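Quick notes on the structure that follows.
In this document, chain identifiers A, B, C and D correspond to the written order of the chains, with residue numbering beginning at 1 in each.
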Amino acid sequence: MTTVKPKSVVQEYRDVRYYSEKLVQTLEVEDFVVQAAAHVSPTKWHLAHTTWFFEKFILEVYVPDYKYFNEEFLFLFNSYYETVGEFHPQQKRGLITRPTVRETMAYREHVDQEMKELLSEKEGDATITSLVEIGLQHEQQHQELILMDIKYNFSFNPLYPSLKEKVDPLLKEAPPLSFEEYEEGVVEVGHDGGGFAFDNEGPRHKTYLHSYKLANRPVTNGEFIQFIESGGYEEAAYWLSDGWSKVKEEQWKHPEYWQEKDGQWFYFTLSGLKEIDLDAPVVHVSFYEADAYARWAGKRLPTEQEWEHAMENLLLDGHFMEDESFQPHAGYTGQSMEKAYGDVWEWTQSPYVPYPGNKPLEGALGEYNAKFMANQIVLKGGSCVTPRSHIRSTYRNFFHPHMRWQFSGFRLAEDV
Amino acid sequence: MTTVKPKSVVQEYRDVRYYSEKLVQTLEVEDFVVQAAAHVSPTKWHLAHTTWFFEKFILEVYVPDYKYFNEEFLFLFNSYYETVGEFHPQQKRGLITRPTVRETMAYREHVDQEMKELLSEKEGDATITSLVEIGLQHEQQHQELILMDIKYNFSFNPLYPSLKEKVDPLLKEAPPLSFEEYEEGVVEVGHDGGGFAFDNEGPRHKTYLHSYKLANRPVTNGEFIQFIESGGYEEAAYWLSDGWSKVKEEQWKHPEYWQEKDGQWFYFTLSGLKEIDLDAPVVHVSFYEADAYARWAGKRLPTEQEWEHAMENLLLDGHFMEDESFQPHAGYTGQSMEKAYGDVWEWTQSPYVPYPGNKPLEGALGEYNAKFMANQIVLKGGSCVTPRSHIRSTYRNFFHPHMRWQFSGFRLAEDV
Amino acid sequence: MTTVKPKSVVQEYRDVRYYSEKLVQTLEVEDFVVQAAAHVSPTKWHLAHTTWFFEKFILEVYVPDYKYFNEEFLFLFNSYYETVGEFHPQQKRGLITRPTVRETMAYREHVDQEMKELLSEKEGDATITSLVEIGLQHEQQHQELILMDIKYNFSFNPLYPSLKEKVDPLLKEAPPLSFEEYEEGVVEVGHDGGGFAFDNEGPRHKTYLHSYKLANRPVTNGEFIQFIESGGYEEAAYWLSDGWSKVKEEQWKHPEYWQEKDGQWFYFTLSGLKEIDLDAPVVHVSFYEADAYARWAGKRLPTEQEWEHAMENLLLDGHFMEDESFQPHAGYTGQSMEKAYGDVWEWTQSPYVPYPGNKPLEGALGEYNAKFMANQIVLKGGSCVTPRSHIRSTYRNFFHPHMRWQFSGFRLAEDV
Amino acid sequence: MTTVKPKSVVQEYRDVRYYSEKLVQTLEVEDFVVQAAAHVSPTKWHLAHTTWFFEKFILEVYVPDYKYFNEEFLFLFNSYYETVGEFHPQQKRGLITRPTVRETMAYREHVDQEMKELLSEKEGDATITSLVEIGLQHEQQHQELILMDIKYNFSFNPLYPSLKEKVDPLLKEAPPLSFEEYEEGVVEVGHDGGGFAFDNEGPRHKTYLHSYKLANRPVTNGEFIQFIESGGYEEAAYWLSDGWSKVKEEQWKHPEYWQEKDGQWFYFTLSGLKEIDLDAPVVHVSFYEADAYARWAGKRLPTEQEWEHAMENLLLDGHFMEDESFQPHAGYTGQSMEKAYGDVWEWTQSPYVPYPGNKPLEGALGEYNAKFMANQIVLKGGSCVTPRSHIRSTYRNFFHPHMRWQFSGFRLAEDV
C-alpha cells in the first residue's frame, strides 16, 4: 500500500533526510531564521529538531558513550516532550540566531553519520528499526510543516518572495458536484497493525454508520467565492458560535492568504502572489469556515468514520509534496471519487478523541499524539505538501478548529 | 418518569416562575447587580432575561398589539440570539444598574399577567404549549445558572457571604469504589420524541458500544485530595496539552473555590466557607482535571453513550435544587449505582457534536443548542442546583473543557 | 482666602461629611455598587473609604482601645497606602456587594460618632486638627470623584440615567477670544505655608518666566467642534506620538461622553443626554486632545507656573459643586479673565514633578501625593464638581495625559 | 568642542557611514534579521533605514530623475515619519527576510555612490550640508541603537553569543562618593546655535536654579547591589507608584541583563556573560530604579538644568563607542567630576518638554523630536555606545521611564 516498504531502513533514512534539505535549497540564509507567529517555527529549527529526535530517542540510548554535537541543543531543540526535560519556549524560536544555518547543517551531518554507523552495526534490530520509522514519519510531518511555515512567514513580506516557480498541470475544469451513497450498518475502521501507523490510528474497531452520501470532489475556489459573495462571512446563522466570534475578532472575510484587488481574487502561494484558480480545491480554510460553507450549502461535513470507510480501498495516488508545486490544483482524473488523497487535507466533523480501546505508546513518545486529544478536529487524506509515502487511509491529522495555515480544504456530505 | 406531566401548563408556568424568585429571597438588593466575570451574569439579568424569552418568543407573536413593558429591554435582555436583533454585550451586564430590582420584578409581573391571559385564552393550543415548555425549561436552566453565578460572584468577597444556611443530610461514608460491567454490541441512545426534550437530544439512534465498566459512584473529595497531595497538579504526564497550559496559566492547584489553611482544606459554598466533606463527590472541576485524575488513577472517563446506556433505566431521584442545600453531599443510598442523577454533573469524554440525522429547530430557537457544537464536552445527570423536573437520561449538558464554575464532577470508567 | 476658616473643626467635619451623603440622595441602591472600569470606584466604596481614612489615621491612633465597626474593612477600604497594610485590589471593588449600602451608612455613623467624641475631648489639639483637615480635604476630593464616577458608570447604560435635573444659568454667548500679556522675570509660585495646603504645593519658590500671553477664557465646545470638523482627529501632525497611538487604539473621534446623531452633537451629562451647549467650555478632553487643539490653533498650553502667576490674585469664585448643575456652563461674567476657577480643570503643559526643596509628609500620608510624580500632568483651577472651599491658586491636580473622565478642559497660551 | 568640525562633509559622510558597517563586521548573517521585542529593530533594518533617510530627504529632492534602488524600500524602511507616507509596522520588522543582508549592503553602496556624486556637484551648498549633518547625526544615533539592539536580541539566546571580546582598561577602584556644591541664581542653559544641534536643544534661555549638590561620579554596581540586598526591590516606599506597578508586573529584582548564580552576580554584555565589575557604573536601569535608589539613599536625581549647568565646561572626553569595549568600566581619571560624558547616559528627574520659545523644524523633520515630548525623561552625557563626536553638553536624550535596554545609569544630587 505504501511505496516505502521495499527500501531498506538505511535507504529510507537517507531519502527522507535528504528531502528535508532539498525542500529548502532555494532559501536565503535570512529566511531560515524567522518565526511570524507562535504556532509556526523557523526552518532552521525544523531542521535541527528533526535531528534532535534521532539523537534523543535513538543515539543517546543505543550508542555507548555517545558524543553530543552540542549538549545545549537538547534544550534548544526539544519541542514539547515534557518527560525528557525542559525546553526552550516555542514562541521564542525566532529569536535564536545561533547556531547558524551552517552549524545546523553540520549538526545534521553529525547525526546522520552516527545513525549510519548505528544502523549498519545493528542491522535488523527490530526496536531500532521501529524507532527509526517513527523518526522518519516525524521528519515527514516536519517537511509538511516546513512548507506551511515558510509560506506563513513569507506572507508577511510585502515583496511576496517565492520559494519555487509554479509548475501547473494541464488545467481542467472541476467535474460537476455529485454524491455517492453508502449504506447503513456496522463497519470497521482504524489501523489493523500491519505496517507502520501512529498510536492514535488503532485499534481497528467496529462502529455503526448510518446511511450517508459523500461528494465526488472537494469544494472548489469558485464555489467558495459564491459563498463569500452571497454574504457568507456576514451572516451569523451559518456559523458555530465560537467560529462567529473568530470571524468578528479576526475580521475574517475570506480564506487565509487571499486578497482582492480591483474585483479580482488573488492568493499568496509558495510561488508568490497568483490569480486564484477557480477549479482548484479551496485551501487554508478553518474548520469553522468549512462548517459554515456546508450549512450555507444545505449539507454537512462527513465524520472521520464515514470518510475512512468510503476511501479506504481507493488508490493512494494524488497530488503530493514530491510533485513540488505546493499548491492544490485542478488536475482532475475523471474517476468517480476525485482527490481523496493529496491536494488538501479534508476537515471532518469529528473531534479528535481516542478510539475505543486505544493505548498510547509508553514513555515520552506517548506524548506524540494522545495529549492533543482535546479541542481539535480530525482531517483526512493528506495534501500537496504531504510526502506521498506518509499517507494512509487510517491517518488522523488534527488541528484546532480555527487554524488555517495548514493546507486544509473540505468535501461535503449529507444524510440519506 | 417526570413529575411535571400531570400539571397543567398554567400550573407549570406558575410553579417554575415562582421558584426563580424563591431562590433569591435572601439576597440583598446590591447582590442582584454584580458580574464577576464575562461568563457569569447578574441575578437581576437572569430574572429579566427569562422573562424576555416569553415576551419575545410568545407574547410578541401571539398577543395582538402587545404592549411592551419597556421596549429597550428587547436589546438589554436578549442573551445571544443573533437572528432576533442586536444585543447588549454580555461582559457589560454588571454595569447596568437600571432597571432596578424592583422594576425588574414589575417586569416579571407584567409578563406573567399577560401570559396568564394568553394561556387561558388559548388553552390547549399545541404550538403555544410547546413554546411555553421550552420557555420553562429555559428558565430552569437559568435557575441553575442563578445559583452558579451567585456562588461565583460571592466568592470574590473576603467576607464570604452566605445565601442559605447549610442543611446537611445524615452524613455517611462513601461506599468503596467498584465497577459494573456492560456488554459489547449495538445499542440505542438519544430521545425518542415522547415528552419534552431539547433538539440536541434526538433522534434516538443506533450506536456501537465496546464492553466497558462504570464506577458505582462519583469520585469523592477525599479521593481527589489524594490526587492533589501525590503531586497531580505538578506532573505534565497526566494532563492533556491544552489542560496543562491552563494549569500553568491559571496556576491551578485544586478545584475552584477550594483553599488550604494550616493544612486543612476548605471550600466556599452557598452557605459560606466550610470544611471539606471527604465523602461528598468532588465538584467544580474542569474536564481537564477530571481527565487528569482518571489518567492518574489508571482509568478513563466514560463516553456519553456509555453513561446514558448504563443509567437510562435508573430512577430519576437524587439530590436536586429543591432540596436547597446547594452543595453535593454524602447522602448515599446503598444502591449498586449511586448518584447517577443529582449532586454533580458528570463529565464524559465525549465532545458535544450533533447526533446522526439530528435537525435543529427552525428559526431563532435553532440557535439554542446547535451553534455551540464545537469545543465543548457533554456532561450528564444533573446536579444539586438542577431542578428535579428538568433532568432526563438523554439530557446533554455541555461546557468548554476549562470551565469550573458549574457544579461538575465525574465518575470513572474503564475498558474490559 | 477660603470660606472654611471661620468654622470650627467640628462644624467643618459635619458639613463636609454631610455633603458626601447629600450628593448621592437620588441614587438607587443598585447604583452604589458598580464599577465600570478599573480607574473608577463604586459610590459605596467612596463613602466607606473616606470613612476608613478617619478611622485609620485618627481614631485608631488617638482613641484608646478603639473598637472597629468591622475589622475586615481595614483591608476592604484601604485604597493604596502600601505602608499601612494590604489592600483589596482596586479593579475588583465593583464585585463586593457586602457590606450593603445600609451597612456602609451605619459605618459612617459609627465613625462620625467616635470622631465627634474625640474632637470634643481633644478640642484645640493641633495635630488632630491638622489630620482632620487632611481627612476633610481628602473627602472633598472623593466628592469630586463620586460625581466623576457616577457619570462614568451611568454612561454605559443605554437608558441614560440622570442623577439630577439640569439647572441652567441664563445662557450667554462666550466672549470673543483675546489674550492677556505677562512680563518676563523671576517670580514666586507655590504655597507659603499659611492655611491648609497639600504637601505637593510647597515650598513657595523662585522661578524664571519668559514673557507670555494667556487666553481670557477656556476653549468652548463650539471651537472644539471646529477642530473636529476640520479633521483634527485624523491628522497625525497635530498630535504627540503617544497621543496619536491613543487616538488610533481607542478610536477617539471626539471628547468622552459625546455622540453625534443625524449631524447634531450630544453629550451625556449627570442630567442625562443633552444637546451640546456651544458656548460652554469643552470638558472631558485628555491632555493629548488639549495639546493637539493648541497645535492646530497655532498656540500652546500654559505652564503651571504661568497659570498660577496670572491667576493668583483673582477672586476664588466660579461655578463649583455646590451649584449642583454638575456640567460646565456658559455663565460668563464679563471680567477680563473668565472662569479661572470652577467649571473645568485646566490642563497645563507641565508634568507633575516635585517643587525645588519639596519635602513630602512623613509616614503613610507621604504616599498621598509624592509617589504619583511620574507620567502625570498638572491641572489647575477646579471644576463644576469641585467643592468651592477645596480650591486654591496653588492647588496642583494631576492626571495621566490620556485620562478623560475628570472634568478637564483647557485655556490657550502663546509666546510673546 | 567636537572633533568632527575640521573634516569636510564628504569625509564626515564617509567616516560615519563606514563606522556603521564596522560595528557589525563580526555578526553572522542570521544575526542581522531578528527582533526580540517591538521596541528594538533588526540590524539589517538599521542599516537600511539610515540609508533611506539620505535617499528620502536628500537624493529624492536634489537629484533630478533620481533612480531608486528599489521603490518598495520607501515603505519598508520609513520608521515613523507620518508626513512622508505609510510605513511598515515597527513590530513586524523582524519578519522581513528579504531584502537579504547582501542586498541591503548593495542598497547602502548605491546610495553612498549617489551621495558622493551629489556632494561633489553641490559642494558648499548650505542646505544640503545641513541636511547631511542631520542624516549623519541620525546615523550615529542608530549606531548606538544597533549596539543596544544586538545586545537585547542576543540576550535571549541561552548560548550567550559575543559580538566582540572585552578589552578592559586597567581596573581601578571607584573614588569615594562626594558632592560638589553649586550656587543659587539665574543661569542660562540650552544650545546657542553655534555648530550642529537638534531642534530640541534650543533656544538658549534663562532659568532659575536653587542651590544644589551633585555627586562626583555615577552610582556603581557595588553600591546598587547594596540597594538590592537591603530589599530595595521589595519595599514600596522607595518607589514611584507607576514604578512599583512595573516592579510587580515585570517581577524586576535587579537591572536588565543581570542574573545571580550561586550567590554571585553576572551580567550579559556584548562580550558574553561576565562577572559584574563592582566599581563600574551601574547600567541598564530604568528611571524608576534610579529614582528608587536615590530615595533609598536619602538623595534625589538632578534636574537636566542642574546637570547641564554643572557639566557644560568640562572636557568632552570619556569612554565612548570608538573604544569598542561596549560596557561601562572602572576607568576613573582622578578628576573632581568623573565620567560626566561617556560610560552611561545619566537619568535626570526632568520630564522631556519643550524649552521656552522652542520651535521645531518645519516639515517631516519636525517629527524628529517634538512629537515625543510626553511621558519621557531626559538623560544626559552619552554612553560607552555613543559615538564620541555625537555628544554635547546640551544634548537631550529621552526614554520612557520604564525602559532599560539603553545604556542608562545615574548620578545622585541633593538640596543644600
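One rule holds in what follows: a residue touches a chain if its C-beta (ideal position, glycine included) is under 8 Å from a C-beta of that chain, and two chains touch if they have at least 3 such contacts.
Quantities reported herein were computed from a predicted structural model and do not represent experimental measurements.
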Sorted by label, the chains bordering both chain A and chain D are none
So, in whole Å, the Cα centroid of chain A is separated from that of chain C by 60
Taking each chain's mean CA coordinate, chain A and chain B are separated, in whole Å, by 38
Expressed in whole Å, how far the mean CA point of chain B lies from that of chain C is 47
Residue numbers in chain A touching two or more further chains are none
Pairwise touch list, complete, is A-B, A-D, B-C, C-D
Residue positions on chain B within touch of chain C in the complex are 28-34, 36, 44, 72, 75-76, 88, 92, 94-101, 153-154, 156-159, 161
Chain A partner, complex, touching residues on chain B are 80, 82-83, 186, 205-208, 210, 236-237, 239-244, 287-288, 291, 349-351, 353-354, 356-357, 367, 371-375, 401, 415
